[in-house]
Structure formats: structure tokens, C-alpha cells
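Here come two complexes built around chain A, the first alongside chain B, the second alongside chain C.
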Partner chain A sequence: MTLDNDIITFLSAMTEASSLFVAAAGLTLVFGAMRIINLAHGSFYMYGAFLVTAIVGAAGGGRFWLALALAPLAVAGIGTVVELTVLRRVYRRDHLVQLVVTYALFLILADLALRFWGTQARSVAPPSLLSGSVSIGSSSFPVYDLFAIGAAVVVGLALWVLLQHTALGWRIRAAVEDPEMLATSGTNVPLLSTTVLAIGALLAGLAGALASPLQSISPGLDASIIVQAFIVAVIGGLGSVTGAAIGAVIISLFDTAGVLWAHSWEPAFIYLAMIVVLALRPWGLLGAPER
Partner chain B sequence: MMLSTTGSTAPPDSPLLDEVRSTSAATEPRRPRTRVAVRFGGLAALVAVLALMPSTLSATSLLNVQSAIGLALFACATNLLVGYGGLVSFGQAAFYGIGAYTIALMWLHWQTSFWVGFIAAPVVGAAAALLVGLVALRTRRLYFALLTLAFSQLFYVIVLQQTGFTGGANGVFGAILPSFLVDPNHAYYFTLAVAVLALLALWKITRSPFGMTLRAIRENRERAEALGVNVFAHQLMAFVLAGLFCALAGTLFVVHDQSANPDLLAWTESGIPIFMSVIGGMYLFLGPALGALIYEQGRDVVLASFSDWQLAFGVMLLVIVLFAPQGVLGLLAGGRDAVWRRWRTLRR
Partner chain C sequence: MQRSRIGISLAALAAIVLVAGCGSTSSSSSGGSGGGSGGGSDPTVNIGVASTLSGVFGAYGQAGLNGIKLAANQLNASGGLLGKKVRVVTGDDQIDPATGETVTRNMILNDKVVALFGSVSSAVASAQETLSAQYRVPMFFHIANDAVLTHGSSRSYAFEFSPNTDMEPAASALAFAREIGKAPVRIATITPNYNFGLDTVKTFLADLKKDGVSYTVTNQQTPALGATSYTSNLAAILSSNPQYVFVGEYGSDLITLTKQGSGLRLFKKAKVGAMYDYDVLNALGAQAPAGAIAWDRAPFWTVNTPAMQSFVSQYKAAYGTYPNEFAIIGYTAMQGWEQAVRQSKSFDTAKVVAALSGATVPTIRGDITIRSCDHQAEVPEATGVVASTPSSQYGVRLWTNAYTAPPSQVIEPCS
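Moving on to the complex of A and B:
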């Protein structure tokens, strides 16, 4: 195998990692602040992708940038409604109740998606600006994939700035540490929870929208992405955005290695990776042991 | 290993309906004998009604009830972990699927009879649960749920990918059943008998010193540890037993469907027994069984009239979890207790 091919393989893995990271970052952010694994996060991802197809289709093609901006915002809106009506009732309940409630939301959103978009698989073409490919040595690589990688890096940096250098960020980090102290010192914690869930949903919708030209979009996307996203988040350590980035890269490299060297066992690799990590470090690579 | 530190156990005064977590049970005096007789009678009547189903129901409805009985066992076995042990396993579908595949694959590759597979399936299920439990029980709470989910997905993708051995996405189907079980009535009675015997065994387990210790661990793990209970060993034992009975429920799936398919092991399937427990009432022994019945019959009713079963089911789950966390049987039991108290005060 030549060096060019190795670079292409690596970049393909990073493309896969890019949308995984954005989805997992939302999941881990919500978990960090609210201690809740939101299974409906997978639905948000699928809605992001479906909304892109709907907007691009309705605008007569070519409105990809508009769709990329609007779809995540619409999903954030759905997330806000879900938080206000259902999720805020279960933050203080045990994790079984939280899993059941978010799974119920997952089922409801899955059937609603079937009503809106049917069972047919859809696809979206990348915008004309990003539709070609660049040559790397003797091989070529799609421009859109590079854009997706770049977008994930930007999202990662934006999250870092948000969490480390803004007032909202330190409130979110304080909520992870001690929500009661935060409430007594004058922060509107329910509003903060709604905001965090909206950001989480926005990230899920953005991940789905970014990945929409990279895959076929059909029902069932929600169940597959949520498992991958929580594996990434758990391996990295739930609550840690940096961990989610590391987890996404590890999982994508594992996946690519599996495809190359042990094709029929490839889907098992990510589960094995998660089992090994959790058996050795039950709170993930960068996570903190649960209090 | 099954060391009990809870001292003498409470008298088993309420067959199959013992309250696992009831705020009133601790303060209530021992229930009068008439009430015990009423409950025994009620359960005997329930089994009698189920036994009479073949002569009253159409073939399709009978198959539905048979399916619900199998799922009732699946749900009650899962509830040994979720309700009694406080261990939220999101991977019990793996053992359910292993039960079905043990019969199907032994039949496919070694032409063994159904009965050999039927005996082997719970053993294989228990062995798999032992291996999974040894790793998964190192984690706690949410991480345990996610790790058991990962294990079940591991089994799922292996079954899906190793097409040569497992038949891949198509699964295994064919003349797996012996001639005796091909008759629908025989299949129904066999399912009912296996489920009733297995549920009795499970009930005995939950009422044993082991079952009491398991609940004590759920309520206060640190205290149980301080009292000298080997928490890990008890939880591992519960996990193995749940795996055994889930695999047994999986064999009943083969009796019903004459096939095994990979979807039996998918993570979405693992949610089903948990939801059945939540709907029926996870803190009553037969709650999950009632949940299974509601789930199976409800699906038929909704699909016939409304088509969006998942939507209706999701809404039902939300309403029950948010507003009636004790489940349907819990609500019924609460109502019955209120009526009973009222009757007793009137009689005085």
C-alpha cells in the first residue's frame, strides 16, 4: 500500500470521526450537566438529516447552505420543547426512569419521522462549491469530506471557547460539579438545563445535517447513531468533550482497521473497544468516577 | 455464596404478588388468611382461564396469547435484575436470542432433536451470562446499562455477520419443532406449562434468602457490604439466573415462530422486557407479566385501527413513568388495598 492510499484511508476515518464527534459532543455535554443519557439524541440526529433533505427538496435543489443553517436550529427547537414538556420532570429520578423516558421519546419521534418522510431512503448532493475532489499524490479525495472534518474541528473549538471562556460555559461546568450551590448563588438552573439541552440537540441536528451528503438517509439512522455516539462518549468519559473527540477518533480508526483487515468481524470491533475500555476504566478515558 | 444476612424471612403470605418495594408493606400487619385464600384462588383461576384458551379462541388469537406468555417469562426474568436487583441490564435480548439460536443452530448443524436444544439452551444462556456478568458487574448504575447494551450488540453483530454459521440476517428457519409441538394446541399448552413452572421457580428465588439479600443490596449496597454480604457474588448469581430464564423464554420463541433471527438480539429488543416491567409494575412479581399481555394485545388493537404502534406505545410509557411509576398492576394493587381496608373498617 502506498503512502497516498494510507493518507486517503486516514482521511476517510477522520470523515467518519467528524460527524461522530459532533453527535457525541452533544450527548456528553447533556450528560455532563444533567446526568442523563438522552436516547432521543439519535432521533435529533436523524431529524437533522431528514430536515436537510426536506429543505433542499423544497427549495428546488441547491439550497444546501440554507438547510445546513436551518435544520440544526429546527432540531434545537424540538429539543427545547422536549426538555420543557418531558425531560425536566426526570432529572431527579433514577437512571432507569430516565432511560425509559428518553427511549419512549425515541419511539415517538421515530414513528413521527415515518409519518413525515416515509420509509424510502433519501440522499442529498453536496453543494456545488464542495462537490469536486482534490488530488493527493496519485489518488483523489472528495472536497466535501474535507469540509466535514474542518467543520468538526471548528465545532470542537467553538465548544472549548464556550465552556472555558464564557459565563454560560462556567455555569454549565458548575452545574456538573454542584447544581444546588449554583442555584443558591443566583443562577436560573431550569433555564440553564433548557439551554444545555437545546445546545445538545443543536449539535445532534448539526451532526446529522453535516453527514447528510455522506450517507443514505432512512429510518433506523436514529438507532444506529445513538449506539455509536454513546460508545464514543462512554469511551472518552461521559461529560468530557475532549474525551468525545478522542473517542470518535479511536472508534473511527478501529472501524477502518476492521474494514481493512477483518471484514466480517468489523462491526464487532467498536463494541469490543467499549467493553475493553469500560472493563479497565469503568468511567472512560477522561471521565471522572461517578459520585 | 447465598449467604443471608437479613435473618428470618417474612412469611410468604401473598403468592406471586409480594410487594418488592411498597411503602405500606413495612408497616402493615400480617395479612389475614381469607385474603391469602382469595389471592390463591385468583391465581388458580387465571391459570385455568389461560388453560381454557385453546377451546375458545381463534387460531390467530391463541398464537398471540402464546406469544404474550413467552414474553411474560422474558419480562419477569429480566425483572429479577431490574426490579429486584436494581441492576438495569439493557442487554437481556442477548440471552433471549441465545436461547432461540441454541435450539436452531444445534438443529441446523448437528441435527439434534428439539428437546436436546431445549435442555441445552438455558445452560448456554447461563454460561454466556456468567461471562458477561463477570465483566459488566465491575461497573455500576448507568455504566452497567451501557456495558450490557454493548455486550448484546456484540452478540448481535456476530450473529448478523457470521453468515456461514448463523444464516446472517435471514436467521434460521425450518422444521425445527418435533411433530408433537407442530399441533397449535400442544404448542400452547407446552408454552403455558413451561412459563408457569419457570415463574414459580423465579418466585421461589425472589422469596428465598438469596432474593431477600438481593433486595437488601438494591436498597443499600454499602450497608449490605458492611454486614458481610458478598455483593458481587450475589449480583453475579442474579445475572446468571436471569440469563438462564431469558434463554428459556427464547426457546418459547422458537416454539411460537419455528425460527430464530438476529433481531432477537438487537438493543431495541432489550428495551422490551424493561418496558413491560415498567408498564405492568416492576415492584410486583407478576407486574412484568401483565405488562407483556398489555404490550402484545395492545399492539394488535393499535395496529388494527391506528397503525402507529410505536407512537402509541411511547406515549403510554411516558404517561405511566411520569404519573404512575408503580405500573398498572401497582395501581390495581393500590386500589385493592384501599377497598380491603375500607371493607375491614366497615366490618368492625
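Moving on to the complex of A and C:
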């Protein structure tokens, strides 16, 4: 392979990593603060993508930027409703109960999506500003993919600012690191939980919205993303957003390595990555070991 | 007490694998009992459509079901079949053989269906075929097309109305051969990593050789079915500098691959061939790759007959969209079943099977003969080139240079 092909391959992996990071960041944030693994997180991602097609289609003339702003907010609203009506009742329950409940949500949301949007696959073109390709030597790389990578970096920085430099972020970190202390500090824990779930849903919706010009949007997106996002979150350490970023890069590089060196085994490579990381650090790369 | 994160992680991973395996929720189960067995004074007779109606492949099953329902509604509007109204009972197999078996058995035993229309997945279809032989109910395949369905020991009651997995790659190989000519070429392939995809590529390459094309395979990629990123695979393919690329992906996977491939200028650097059917071209819109080689089992725009035009209009009026190949083949399968029932004047399985085996059925796709040796319909597969401008009639970039490979060119002789 030539150097420009190597660069294209690396950038392709980073595009994949960007989508995985934004999706997994929401999942890991929710688990870290609320100790709940939300299988419906994949549904939020899918809804973000479908809402983009609905807004772009309804608005006509390619209102992608409007869709990119509105879709995650709408999904955050859905997440808020889900938290208030369902999840709030299972926080203190056994984790297996929580998994069953969120799996039920997953199924319900999938069925609703079928009714809203049908079974047909949909496609959204990137906005004209980001269509086309850039040349890298004799190869080409899509402009939109570069945007997606940049957007993930911006999201990561925004999350860092939120978690490190805001009162809300302090409370979220406290919920991750010492939930008992947080409860005694006078924090409105139910409101915090709703806020965190809304942020998690917004991130999932944003990931789906950002990914919509990159792939077909169809039923089944929820199932495919939740597996990958969960693996990224586990590798990074449940509750660690920075870990999710590192995990996303690792998974994407492993996936690409599979493509290059053992393509018939490619699907297994990401699971291999998970096994290797967990064997060396059972709590994930930046997760906390059990006290 | 802090719970073990490893234990939580493992439990969650198990649940998530379950989610990924099960996919979306099932649709309604098959209708209630009380349907006709075909005999007696019951005014209705039940036919069963046990297909995939949700999840990634739900679009295929739903389209096939729409074609079957349209045929049933038309039958009922003209007085029914042998004086009985045809009631369509549906069930969602969720692309899982065990679920498909349960749904199909339930239709046979509880709904007393007199005919079955099968799954999207050939794995599910194989299980259904076994049941159709066990319970002696005629089975019609309009989507699943693995050649094994017409080669196995349970095929006596099953009929295949799609071009099978030998015929489809044979047609695509012909399309490539017509494009390539005699000069040696470099070809890469990318296909989903499961039975259908791998067999398709293997058969395509073998048929290409039989068609006299001299080629070197430069790179082969086998991403997982349902992959969301093909960029690395396509970058690897492009780095091998192929002149032609055979793509085994279809449906939503093909849409994703095309979008990502366009960004890498795949379609400018190589001549690509794939199953660019109506649904894919409609979804891609302006992103449809002009000049790509295309093939499809039953593209309505290549059949310029009054019967097809009428069907297309009625389908659009009923469902708000133009029919894809699965809707057309589902409707055609119903036409075959209807003829067999009318000719035998009975819903009895043995009589229906005997009437259809070897018969020629006039359909919206033209006259179709059902081979008596294996119950494979002698159907064509169409090929063409994706157009650069939308059709003035349908508003979608369809095909130019359409060529319908007749059955004689693509079907394997009876063994």
C-alpha cells in the first residue's frame, strides 16, 4: 500500500471512530452517573438519523444544518420523557431488571419507528458545502468524513468543558465517582438523572444525525450501533468519556486492521480488541477498579 | 456496596448480543383460526405469508406481502377463487429460522392455510420448505432464492419464482462480459460475509470465466452483513487498482457502500456492478452512480407490457410507491397459484402441485414456465446501466441499455 492509501485508511478509521465516540459517550455518561445500561440508547441513535431524513425531506432543498440542530434536541426530548416515565422507576432495581426494561423500550421504540417511517431504507445527501472529496496524493477522501471527525472532536471538547468546568459537570462526576456523597450534598438527584439521560440521548441523536449522510438509514440501525457503542464504552471504562474516545479509536483501528490483514475475520477483530483490553484491565482503560 | 462492573458488563453484553440477534420487534402474529381449509361451506380460504416484516430486511418482506395482498384483493373483487374469498394471514419470522418455523407451523395447523408464501432468508425458507413437505402444503418462494431450495429432498411441494443463486450471478457475469470484452482485466470483489454473498461471488467469477473473460482478482473484501462503514474495505480495494468491482451487497448495505464509495471516487476509478434495484436507486436519488452496471430480478421499467403497466399503476395507487422486484415476484407467484387452483378446480395440495409442475403461466412478467424437474420458474434476470438523469415518468434514475438475460442463458439444466 502507498502512503496516500495509508492516510486514507487511517482517516477512514477515524471517521468510524468519530461516530462511535459520540454514540458511546452518551452511553457511558448515563451508566457512569446513573448506573443503568440503557439498551434504548441505540434507538435514540436511530431516531436521530430518521429525524434528519424527515426534516430534510419535509423542508426540501436540503436543510441539513437545520436537521442537524433539531434532530438531537428532539431525541433529547424523547429521552427525557423515557426517563421520567420509565427509567426513574428502575434505578434502584437489580441490573438485570434494568436490562429487561430498557430492552422492552428498545423493542417499543423500534416498532414505533416502523410505524412512523416504514421499512424502506432512506438516504440523505451531505450538504453541498461538504459534498465532494479532497485529494490526498492519487487518492480521494470525502469532505463530509473530515467534517464528521471534526464534529466528534468538538463534541469531545464540549463534554470536557461541561464535565470539568461547570457545576453540572461537577455533579455528574460526583455521581460517577461517589454517588453516596452526592446524595448527601443537597443535589437534586432525580433532576440530575433526568439531565444526564437527556444529554446521553442528545449525544446518541447527534451521532445518528451526523452519521446520516454516511450510511443508509433503515430499521436495524438501533441494534447495530448499540453493540458497537457498548463495546467502546466497556473498553474505555464505563463512566469515562475520555475512555470512550480512546475505546472508539482502538475499535476502529482494530476493525481496519481486520480489513487489511484478515478480511474474512474482520467482524471478529473488535471482539478480539475487547477481550485483550479486558484481560489486561478488567475495568476498562480508564474505568475505576472495584473498591 | 459497589457492584462488580465486570459482572454488569458481561450481563449487559449478553443482553446486547440478544438484541442484535433478535433485531426489531415482531409484527402481528398470524390471524385467528377459523379460516378455510379449502373445503366445505366455509366462504373463505386462508393463504399464509410467513416472511420477514420487521428489521433491516422488513422492507423486502413487506413489499412481497404487498404484491401478494394486491393479487388477493383483485381475486376477491372479481368473486374470489372457486367461489371462496382469499384471506391473507401474515406472520413475522424476524429472519430467524426457529421463529419462522413456529410462525409457519402455526399457520398450517391453526389457520389451515392452503398455500404458503415464504421468507426473505433462505435459511428460514429451508426450514419452511421442510414443514411444507411434512404437512403437504404448497410453498411459494418469491424472495429467498438459494438454489438449494430447488435441489433438496423437500422440494416436492415448493416452487421458486425468483431467479436463484445460480441464475443471478450468471446474469451479472454476462453483463460484465458484455462490458469487458476479450481484453484481460483486473477485478476486485466486495460481498457480505455470509452464505449468499460468498456463493454469489464464487459463482460470478466462475461464470465470468465461462463467458470467456480473462481476469485477475486484485482484492476481495467480505465485510459483515449490515456493516455501517465500508470505507476501509473500499480503500483497500482501490489501492489494488482494479478496473472492475463486483459488489455483492444489496439493499440498505448497497446504499451505504455507494454513498461512502462516491466519496472515495470509487465510481470514477473503476466500473462497478451491483444490484441497483428500484428501492436502492430511489433512496440514493441524485447520489445514484451513473454508469454503474446494474442487475435486478424483476425491474418493472424493463417490462413494457399492458399487464405490467396496469400492475404498476394499481400498486402505486394501493401503496403510494412503485413496486420493487419482490412485490412483482410475489404477485407473480400468486398468479401461478391461482392458475393451478383454477385448473385443478381444487385447493388440494397434490392437485395444485400437479397442475403447476411443468405449467406455463401467463403473468405480468410474461409467460413463465415452471420446470417439472425442480419447480424452478424459468425466469429472466435483467441487467442495465444506471442512468445519469431521472426518468421523466418515475422521477428516479433508473437504467439505460437494459438487457434481459433470458432463462436459457442463465438457468442451469435439470440434473
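In this section, the second predicted complex is superposed on the first by the 287 of 291 C-alpha atoms of A that agree within 3 Å, B and C clash if a C-alpha of one lies under 4 Å from a C-alpha of the other, contacts with A are read in each partner's own complex, and residues count from 1 in each chain.
Going forward, a residue touches a chain if its C-beta (ideal position, glycine included) is under 8 Å from a C-beta of that chain, and two chains touch if they have at least 3 such contacts.
Since this is a predicted model, take the numbers as computed values, not measurements.
*Asks:* Now for A:115: first (chain B), second (chain C), both, or neither, which partner does it touch?
*Replies:* A:115 sits against chain B, while chain C stays out of touch.
*Asks:* After lining up the shared chain so the two structures overlap, which partner does A:279 touch, if you call chain B first and chain C second: first, second, both or neither?
*Replies:* A:279 contacts chain B only, not chain C.
*Asks:* Touching A:139, do we find chain B (first), chain C (second), both, or neither?
*Replies:* The second partner, chain C, only.
*Asks:* Quick check for you: in the superposed arrangement, does A:234 touch first (chain B), second (chain C), both or neither?
*Replies:* It touches chain B and chain C both.
*Asks:* Which of the two partners, first being chain B and second being chain C, lies in contact with A:99: first, second, both, or neither?
*Replies:* Once the two structures are laid over each other on A, A:99 reaches both partners.
*Asks:* Of chain B and chain C, which one touches more of chain A's residues?
*Replies:* C
*Asks:* Check the residue A:86 against both partner chains and state whether it touches chain B (first), chain C (second), both, or neither.
*Replies:* Touch partner of A:86: chain B, not chain C.
*Asks:* What is the contact status of A:129 with respect to chain B (first) and chain C (second): first, second, both, or neither?
*Replies:* neither
*Asks:* Could you tell me if A:107 is touching chain B, chain C, both of them or neither one (first, second, both, neither)?
*Replies:* The answer is both, since A:107 touches chain B and chain C.
*Asks:* Could you tell me if A:157 is touching chain B, chain C, both of them or neither one (first, second, both, neither)?
*Replies:* After superposition on chain A, A:157 lies in contact with neither partner.
*Asks:* So which bits of chain A does chain B touch that chain C touches too?
*Replies:* Common interface on chain A, chain B vs chain C: 37, 95-96, 99, 103, 106-108, 110-111, 114, 223, 227, 230-231, 234, 238, 264, 266-267, 278, 282-283, 290.
*Asks:* Taking the complex as given, what residues does chain A use to touch chain B?
*Replies:* Per the touch definition, chain A meets chain B at residues 37, 86, 89-90, 95-97, 99-101, 103-108, 110-112, 114-115, 223, 227, 230-231, 234, 238, 264-268, 271-272, 274-275, 278-279, 282-283, 290.
*Asks:* State the interface residues of chain B toward chain A in the complex, per the touch definition above.
*Replies:* It comes out as residues 82, 88, 90, 135, 138-143, 145-147, 149-151, 153-154, 157-158, 160-163, 267-268, 271, 274-275, 278, 308-311, 313-315, 317-318, 321-322, 325.
*Asks:* Using the touch rule from the top, collect the residues of chain A that touch chain C in their complex.
*Replies:* On the chain A side, the touching residues are 1-2, 5, 8-9, 12-13, 15-16, 19, 35, 37, 39, 42, 95-96, 99, 103, 106-108, 110-111, 114, 118-123, 125, 133, 139-145, 211, 213-228, 230-231, 234, 238, 255-256, 259-260, 263-264, 266-267, 278, 282-284, 287, 290-291.
*Asks:* Quick one: in the complex, what on chain C touches chain A?
*Replies:* For chain C paired with chain A, touching residues are 2-6, 8-9, 11-13, 15-20, 23-25, 27, 53-56, 58-59, 61-62, 193, 220-224, 226, 228-229, 231-233, 235-236, 238-239, 251-256, 259-260, 262-265, 279-280, 283-287, 321.
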